[in-house]
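Beneath this line is the structure, given in structure tokens, with notes to follow.
Chain lettering (A, B, C, D, E and F) follows the sequence in which the chains are written, and residue indices restart at 1 in each chain.
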Amino acid sequence: MSYQPGTTGVVVQNIERVDQAIIDGLAACGVATVHEAQGRRGLLAAYMRPIYPGARIAGSAVTILAPPADNWMLHVAIEQVQPGDILLLGTITPSDAGYFGDLLATSAMARGCRGLIIDGGVRDVRDLTLMGFPVWSKAVHAQGTIKATLGSVSVPVVCADALVNPGDVVVADDDGVCVVRREEAAEVLEKARAREANEEAKRARFEAGELGLDMYQMRDELAAMGLKYV
Amino acid sequence: MSYQPGTTGVVVQNIERVDQAIIDGLAACGVATVHEAQGRRGLLAAYMRPIYPGARIAGSAVTILAPPADNWMLHVAIEQVQPGDILLLGTITPSDAGYFGDLLATSAMARGCRGLIIDGGVRDVRDLTLMGFPVWSKAVHAQGTIKATLGSVSVPVVCADALVNPGDVVVADDDGVCVVRREEAAEVLEKARAREANEEAKRARFEAGELGLDMYQMRDELAAMGLKYV
Amino acid sequence: MSYQPGTTGVVVQNIERVDQAIIDGLAACGVATVHEAQGRRGLLAAYMRPIYPGARIAGSAVTILAPPADNWMLHVAIEQVQPGDILLLGTITPSDAGYFGDLLATSAMARGCRGLIIDGGVRDVRDLTLMGFPVWSKAVHAQGTIKATLGSVSVPVVCADALVNPGDVVVADDDGVCVVRREEAAEVLEKARAREANEEAKRARFEAGELGLDMYQMRDELAAMGLKYV
Amino acid sequence: MSYQPGTTGVVVQNIERVDQAIIDGLAACGVATVHEAQGRRGLLAAYMRPIYPGARIAGSAVTILAPPADNWMLHVAIEQVQPGDILLLGTITPSDAGYFGDLLATSAMARGCRGLIIDGGVRDVRDLTLMGFPVWSKAVHAQGTIKATLGSVSVPVVCADALVNPGDVVVADDDGVCVVRREEAAEVLEKARAREANEEAKRARFEAGELGLDMYQMRDELAAMGLKYV
Amino acid sequence: MSYQPGTTGVVVQNIERVDQAIIDGLAACGVATVHEAQGRRGLLAAYMRPIYPGARIAGSAVTILAPPADNWMLHVAIEQVQPGDILLLGTITPSDAGYFGDLLATSAMARGCRGLIIDGGVRDVRDLTLMGFPVWSKAVHAQGTIKATLGSVSVPVVCADALVNPGDVVVADDDGVCVVRREEAAEVLEKARAREANEEAKRARFEAGELGLDMYQMRDELAAMGLKYV
Amino acid sequence: MSYQPGTTGVVVQNIERVDQAIIDGLAACGVATVHEAQGRRGLLAAYMRPIYPGARIAGSAVTILAPPADNWMLHVAIEQVQPGDILLLGTITPSDAGYFGDLLATSAMARGCRGLIIDGGVRDVRDLTLMGFPVWSKAVHAQGTIKATLGSVSVPVVCADALVNPGDVVVADDDGVCVVRREEAAEVLEKARAREANEEAKRARFEAGELGLDMYQMRDELAAMGLKYV
């Protein structure tokens, strides 16, 4: 992809996507595990919160660069959505206006969209909850937006402190949002599953009362660092 | 109303209210629709959040101007509540102390109060949730308040960045809070209902897969602005 | 206790605890009542929010002083937990990294820990919710932490603007978190129960429609202060 | 004035102003004194900070209601400025974009404008400092704005939590910004000057070492409240 | 000291102070060096900022616990000030009201007070700057305060996330504020001076172009950690 | 550059830089003009503020990806600095610890470094001011950092909401910080100078009293939009 983050006035129509089985595998692992599996990279800022608890999704990012309080590019982006995709919107300058509501969600769902990640505001959250369309956002705010200035669709965008390329895999759950590079998705899934298997064994030992101090053999290192029991 | 926002030491006893059918109509439309119907005016700041999800109310505002961390005027205001009213509190200087809890809610409910909008803190939120008394607030905080300084009741107040006059209609749901001028309430309801009818038709077309780009005929304007598909 | 808040490299093994019946009594009273009963002291900052609604717990504090984004001391602390205790973590400098997740929760629950109060971030909140392990935190964030620097366990710590000593009783519910000094716990419970009994009587009078203005005989004082009804 | 705060699409051309001598008197008293003299009303939020220290101004408010990140109405407003006026801008929804820079300042100064109060962002602050054009703002930010949507000029606006009417007197210094109702300006000046005279006498006594405890005769009241010296 | 943080209604009259030469030595070292010298403890939160640049002070803390927006205890505290002391105010619940202005500063200076640390607001900052009375605060705000509720003087207080005991040494400069336990002040000064001497030597080597990588012999450890130069 | 933002454990040694004359030209234009000249892209978040007013610099970015509260990579990066470069640090997860002080500044200046942009904290700001080493940061904080975890040097980093590649030109002044892509720097400078020339002409017309309404011929469009003068 030859576009720089911040490029306006462009819609990239053909983006590469990761195999759906890999995407669904990442969704099943969840944000914390995927984040760890790829070396603690890719987390969006902690202010990105779900509008309702319990959703856990993954999908290919259709990215949107939007001017402040201007949701024109969302209409442009929805045409680019393929089933299983996730819309992800970053803004040129911060805004918490309500870019997205139940009508746009209806349109996005009709295209097979799995959810929205927006570094801005969302509204109609009661309807979105009833529709089962999950959104992770910086704010809930009813403030209307305009359609006056161009942004871009499917170019790299900075969203909530993270760079996201079109076609990157976005994973989102109650812990927040994590992005996985398209080229690394298969490898990250493998590592995430290995991590899960490893954690399963540890969980059983913790349940049986074993301490992390012993399981991870920390006592000697702590003593060497100078930790004193009094 | 001849009082300026910020006036202290006054309780206005006779305020005009909007017809209850209009108020209930506005409640049914919800915050986002009402906000749009009146020309995108009247929203309170996005930091005003409900203590539990799902409530949607409207009522005539009994306004309260309160000193920081001083809830004396809430007792004065409850006497002024008529069935269907909503208490709305703005502070002289910011405070997130817990002005309101289950005892005051019991008293307010006994007068027919439908809820509280408070640019400050609230406490006993578990009890308020069980009682079904909805509150939109800046904070949840148990910190107690005092009764030492006068404020006012039923004068204009600035609450979460919006000016609210006594008798204005307050609409609140999961999207936040919106205020409608008393004199404009009937007209705003009419416009809100027209908007809802219009949206209903659009929703069906979106569900059928039609794009906003076509429904709103945006393609030519976007091209004229220079949007490029690559 | 002769350690200063901020002391690092120490694990205090024997701390005194309050009688369990007193602790459970304080849990039943809840944060707002306990806070009032002890003279409006002991509240943690309002930014400490539960990861799910409805939990109400109390327990003896096993305190943790942790470096930023370093969760080593949590492993050390879990060994010090006795059934009914609550882990409480303050940081040396602010951090919203995800210090605690489902594995540590499994280990803590195996020791009888009732919950966690953390002036930092938590992750795996979906799992923690399903496990019924309540956490009050400054942030939800998946960001992993390291194990590189010593802190301390069971020394006095400042957590969310409040000083907490090991063995102090921590009470937490939807209103936030309140700390009760170990030496004062019995007396505070007595006062809290008296307050509850008193509130019960008031609640019935409020339900019957009596006003706070009359119940608390405020009318004369308000008039003396200059409050005008117009 | 018959317009409501939030009204868009209107420029009110004839506004009443306070006598210049009164305005200059209020400037000399400063924000803290004026705020106290009018009963602790009229302060804007504490986040409004000057771009450079030391300026102290007052003037009649030419108010601006602006859409987010849209500075069109500033051009409209400058035509309405008379020598000695202050531009004051509130936004429909929050924005920290850079609405105002050195070119607009040049234009405003050519009309005799004394400064700008803006609940948004400002840029070119180095040039503004060199030009001696003071600004109190929510943010310094270079982000450019557009000219796409109407706001209003010289209607009531909410700016940084305060309601300001066109023609109200705005006082600003290093302590922040305070607004005085046009109708009350003369009376507030009188009270502010009385307060200053009173403070002058107190200052001399404080310099001589007298304590506030004695000057204000607080000792008995403190003892009656229960204050204990140990 | 047998009082708990949060205790109200008490003025402790006799507090122990550190020798003035030690205090002045700590002032000369500055906040960053003192903070490091005592093991990276004692810093107040980063939001505490000076009202003007360039001041560097140290003094014995006369602590104040104040109710929100209530500055009564400041008058009580000033009587307790001895030459060279610093007033330090923490609040029971957060407040950014303007607790302190030029009259109180005049009174404090007459007692030999060197400055104020306040986890709240300050006003008259132009006058305070001209008077050369330095203040580190959470906010600059003109909002007036009341005198209605007791706090305490010279008891332990939590101020901007740090616990401060009366008589502890407070050091403040453009980097913020750091507190040194009274009992440890002499030892901390010794370590701070050793650190300064050590830094002086390093500074000369850095000026001569030597790299930290070589001076601290980091290259091998970095390579062992896996750092790759490409 | 084939590294993704977020890559750890890598130091890229050979980065391409822009011709020094172009860099110095961009510095002379300043942040607001450069930002406009490149289509309103490239601004860092508004929270990035200079530690002292008046500095205006530009330079090639030597980028640093740093773990929270860990400044190890700064030592690594300084070796990569060439005369005229600017250090720019983004963090893996947010931190306001004091990563940088006067010793590191001494080392950086010895290598010809022009300044530091840091999405974190800085300390010793009094010394840095006296040394004339400008820093734009998220916080001033004395909190010490550790050296325990690898980051990277001269890979793409997200810093204060913007993506910065090594060798991009960073421009910084009192308005904040703006990044210019290396490949576009010459073209942006040309546009920025054209913009400056254009502004010079406008400035003279504004000074002569001409209004923006006339200069930009806005009156007809405003009327067409429905603006009413009353």
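Just so we're on the same page, contacts are C-beta pairs under 8 Å (C-beta built on N, C-alpha and C of every residue); 3 or more make two chains touch, one makes a residue touch a chain.
The structure displayed is predicted, hence computed values, not measured ones.
Trainee: What are the mutual neighbours of subunit B and subunit E in this structure?
Mentor: A chain counts here if it touches both subunit B and subunit E, which gives C, D.
Trainee: Tell me which of A-D, B-E or A-B has the interface of A-C again, with more than half the contact pairs shared?
Mentor: A-B
Trainee: Suppose each chain is reduced to the average of its Cα coordinates; what separation in Å results between subunit C and subunit E?
Mentor: Roughly 27 Å separates the two chain centres.
Trainee: Once you find the CA centre of subunit C and the CA centre of subunit F, what distance in Å lies between them?
Mentor: For subunit C versus subunit F, the centre distance works out to 42 Å.
Trainee: Going by the touch rule set out above, which residues of subunit C reach two or more other chains?
Mentor: 40, 43, 46, 92-94, 96, 141, 143, in rising order.
Trainee: Among all the chains shown, which pairs meet the touch rule set out at the top?
Mentor: Every touching chain pair, ordered by label, is A-B, A-C, A-D, A-F, B-C, B-D, B-E, C-E, C-F, D-E, D-F, E-F.
Trainee: Spell out the part of subunit E that touches subunit B in their complex, as residue ranges.
Mentor: 67-69, 92-97, 141, 143, 146, 148-149
Trainee: For subunit B, which residues are in contact with subunit D within the complex?
Mentor: Residues 4-8, 39-43, 45-46, 92-94, 156, 158, 161-163, 181 of subunit B touch subunit D in their complex.
Trainee: Where on subunit B does subunit C make contact in their complex?
Mentor: 9-13, 52, 72, 75-76, 78-79, 96, 98, 101-104, 106-107, 110-111, 121, 123-126, 129, 139-144, 147, 150
Trainee: Along subunit F, where are the residues that touch subunit D in the complex?
Mentor: Interface residues on subunit F, with respect to subunit D: 30-32, 35-36, 40, 43, 46, 49, 53-54, 56, 173-176, 178, 199, 202-203, 206-213, 216, 218, 222, 225-230.
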